[in-house]
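Take a look at the structures below.
Two complexes follow with chain A in common, the first pairing it with chain B and the second with chain C.
Let's look at the complex of A and B:
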């Protein structure tokens, strides 16, 4: 019997396999995933597309007579460039563009391998921070640079993201290490890890607003007993930024700690034993074993933390409603305020900006995780 | 046989269900569901063809509005009647979110006669270009609360001018020697109360946010005088430096703890001071209520508050809803709300009502303030206008903007909000 030429062999089609109950494992997998994928597409993809579409329309519910005309990218122009500075070069040389250019350069250099990844990420963070501080957290008196309120919300969102992600990592990692040390009191540390994580964010915000109240709060009372006159926390812009970030770090370090704890427990003890036999110091063991093996957990913790930080709404809203003035009006709060003013078209455009920020961060992190593969 | 009987009974129930009109009323958690519930049951007993029930959502004006935004944007008829804040009817009228009520009266004249018993302020808010969009449920205003025991001790009468208030507050603070005693407390936080903080003093200086020709007038000498007065409250020390974090209820709690001599606040605070409150009160029997002071030579003014009943235009039971609305806005219902929930009546006749005065003797004193209460900007863009005024005001109290910068931002913000 002659060998059948390879190309004449045809695997039975999907529908035939389905009828005969003879699916390959991969096909079966896709079949089983299909309902979930369909539901996800319906409840996530469809609304995202709808918001994108809505952002291209004028829609204000208190101006129903105007209808819902298609206005193209008008909302984005208003948000990013405003009305009269499109061609104004002097403004294009502002801080934002410089910052953005530097950011692009650093990311590009990092991706091309001219800089190590760590340097590139640290550089990007520094640029973002400097640009955010230079742009100010104060509503600009002349709204010539696009929507001043949007840029204010953008910079405060960036600041909260950087400060609270770094802060929660720096607090969360030692907490996880502490919770992993075999001791009689380990259960206590673990409960302390769980409580802030389990508390509703709005409740945390209200609670800390009381703690930080400048006349009746615990924080200033403690400071007064130590002989220091505390700041007017939530009643002044600079200290309100601190108070809010401290609160967010308190509420979110526990989450980072829990994820890192799970990572720590998956590290094989024999590695440490071998290192000890070789005479490695505790610091060397941490730097050369713990940290590298913890990297996947760190990545997961950072991604989730950054995404929730970009969407921050609850704690600043509960503490100061985004005040004083607009100091802590994050993008999330701005979207809500615009929606409540019934300007649905512009609110959709702002949501798309928020979505874009989240997407950009996710892509960056994913590249970082898969960089070694 | 038995099966047939059950089927027949089920059919009968179904038929009865169809014959009755179901009405759904939406209120907030702050509007005393415990009092509204029995009122609806009473209505159902008297109207066997209607079954009215209610739904509670949100406990602040903002949150209740957010819920209604969702319901009405989707043009849902699930709710038939809802309660809205006095600042909303203009927006509801523009958006087509409230059923015009003129159709339920035999004539315009009959409608105007029906409305005569209501206070002029709330009617002004609900009657837009001759079309009636809602009926007042109850009203509210800001009052000057003062510690009657302290005023008596130093031989003061309630102040009628801001200068008098400052002098009295300073004297009381100095004589009492208590570092925790605040002379004058008001709302400087970033919420809705702060627009009233600004407007009330502006009005009492003879100014307004807009002139008769429709120009925004927030950088006028009157507006500067308003800001100078608030600067002075902070500089002279009669007001605490953290006023930027003072919300409505925080104000109320500070006064209730005995830490404040004079305070601006809404009507709800009174019942708390008398002991109907989750917090302990040390000021029961030591509180007086007066109209807000004004600048020398000008009239006192206060912000109007309160809630209105409106019919959902997407409801399919409007005729039945109107019967319920009439009942909810009736003197009998408002009497119950006044006696059991301390809601300030929107009907003038109830201020002389013996039952109401027996339960809430202070309503007699409230009347003089309430009758002159003025509306916050009446516009479909209220939310934008409100943000354009209270955000800079809050930044001013946080010493982030100077008086001049804050006024410039308000002027620009309100102009932008109304330029559509």
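Let's look at the complex of A and C:
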């Protein structure tokens, strides 16, 4: 059978190629990607689906007799709305709703172009800060409006996110500009930038708790030498929130600085020369060349900073254990505490809230980046 | 070249740089100074900046009060194992994404990097449940069904082992958490290796896989080291999962262990600062030796991400 159809050439299949060690590039590529895909699917994606499912179930490991019944959105109702919600105007028109409405209005106005973007962002930040400060320290004891602990944690997390992200940029940008100046001491500068990044965040918290110690700490000693009596930093919520934010800014501004430094180093020197020939002042050079060209790096640093700030856990935990009392309990600490008290169903619902926040932030930022490019 | 700056500008830069260095190093330096002071010296009221009577007592205390050597061992085992596993997996993925002509390359890389934006905290509850031991989906019902059919030698359910308070409870999530950034770093390093090198190996009769291990692997060593350092630092520093998964004292890691020196109201600062000094020593050593590599790795992640 000289020309039977079986004799025509057929490209070898996957298994034959695998056995002979001659996979096509695409086949080899997918094989090499398989372990990474497996790990990410099993340890990242599957748990996230699971936490969504878990949040719809009642489960307390210390009450095994109750089992794991399906309860629908009951956890979310308890978290956001409360179990014995009363429909009176006083509650509906409470400042929480007002603050939220103002925030929505500002964001909407910014999106529609009634306000410039800078004004909208600044307005949103101011509203969040004021609302956070106003409601953060007064968890209502009756818990009538939703889970008071949740709302407290939510506002503290918002406050820490806004304050520490803004703070780490205000500190990180000068750090990057300074580190970009060529000098003999560059290695020292580099180490000074790397140490805050590499320190475990908990230990940063412990270190600063000692610095902020009200009687024997360095901060109050310096203040005393300047003739000011420093506050009892960590004992009162109002000052503890600042101490915590300063610590977070210290730990994270170095990271922002490193990312921005990389951006600065990729800017072409000839642009500055051209600007100098044209007689631009240093301020103009910074404003018209450095800042616009730094935008991609700023966006990256902003996204990563915000996402890590939403999960803030280590530093407030190490400094005050989420205290004094429960006033500085962030969402992260609340999730962990609920897990530790073995109420896994509710902890899952709280995690979903946290996940929702970071998802919302990511989507907002990505839209902001892609809208302009 | 840049223009010469005036003396005022130069002075400002020098002062700024000095402040920067002071800001970055002072808290750690203060911890080290504190660790050499006596417990009584710490509560003196005009505080002393340099230790008046340096003592090593606190370092002995660190190891006497809690099994700190055990914490170090746990941290070392967990971090090193997860670093090795993660580098291996990330190198394979990075090679595929950086060097091979495969479809959807950019989309796959974006997908992997996006997973790094998932908050680790969200993993706390599902992984806790998973490590506590759970029915294996599909397999467990199947085995139970066969058992009911009469194969009584089979168990009625298949449960995963309880991994809490073992090294695996930390290694598994650490590998997954560092995988996206490591893949990103290694992908950008693999892209920098000239293609001719590999083509030459292929012409000489290597297969793709042989070329990967014999030619590409040695050349890519710097990239691998960079990725490894960053994974190591991430794993050494991780707190939330370590705190909640490994609750037995003998399975604590260094960052968690250090927080255990403080009691409800007592803060033995001298001991705590000695423990911190010992605990961050490996990290500071890494930074001193590999500062340039670390910055290269961080910025590869930053610029491309």
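As a convention for this text, the second predicted complex is superposed on the first by the 328 of 373 C-alpha atoms of A that agree within 3 Å, B and C clash if a C-alpha of one lies under 4 Å from a C-alpha of the other, contacts with A are read in each partner's own complex, and residues count from 1 in each chain.
As a working rule, a contact is a pair of C-beta atoms (placed from the backbone, for glycine too) under 8 Å apart; a residue touches a chain by one contact, two chains touch by 3 or more.
Remember, it's a predicted structure, so these values are computed and weren't measured experimentally.
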Combined model on chain A: chain C and chain B, fit or clash: clash
Partner chain in contact with A:64 - chain B first, chain C second, else both or neither: first
Which superposed partner A:215 touches (first chain B, second chain C, both, neither): both
Touched partner set for A:164, first chain B, second chain C, both or neither: neither
First, second, both or neither for A:232, with chain B first and chain C second: first
Of chain B and chain C, the chain that contacts the larger number of chain A residues: C
Partner chain(s) touched by A:323 [first = chain B, second = chain C, both, neither]: first
Contacts of A:190 with chain B and chain C, given as first, second, both or neither: second
First (chain B), second (chain C), both or neither touched by A:340: both
Which superposed partner A:199 touches (first chain B, second chain C, both, neither): second
Location of chain C clashes with chain B - one stretch out of 27-35, 171-179, 243-251 or 279-287: 243-251
Residues on chain A lying within both footprints (that of chain B and that of chain C): 209, 213, 215, 339-340, 344
Partner chain A, residues of chain B touching it in the complex: 62, 65-66, 69, 73, 91, 94-96, 180, 189-191, 240-245, 380-381, 383-384, 387, 391-392, 394-395, 397-401, 405, 408-409, 412, 420
Contact footprint of chain B on chain A as seen in their complex: 60-64, 138-139, 141, 143, 209, 213-215, 232-237, 240, 320-327, 337, 339-342, 344
Chain A residues touching chain C - in the complex, by the definition given at the top: 21-23, 25-26, 28-30, 32-33, 35-36, 39-40, 42-48, 50-51, 54, 174-175, 178-179, 181, 183, 185, 187-204, 206-211, 213, 215-218, 221, 250, 254-255, 258-259, 261-263, 266, 269, 272, 276, 296-297, 300-301, 303-304, 307, 310-311, 313-314, 318, 332, 335-336, 339-340, 344, 347-348, 351-352, 354-355, 358, 362
Of chain C, residues touching chain A in the complex: 2-3, 13, 16-17, 20-21, 23-25, 27-28, 30-31, 34, 42-47, 89-90, 92-93, 95-97, 100-103, 105, 108, 112, 115, 117-130, 172-173, 175-176, 179-180, 183, 207-210, 233, 236-237, 239-240, 243-244, 254-256, 258-259, 262, 267, 269, 272-273, 276, 279-280, 283-284, 286-288, 291-292, 294-295, 298-299, 302-303, 305
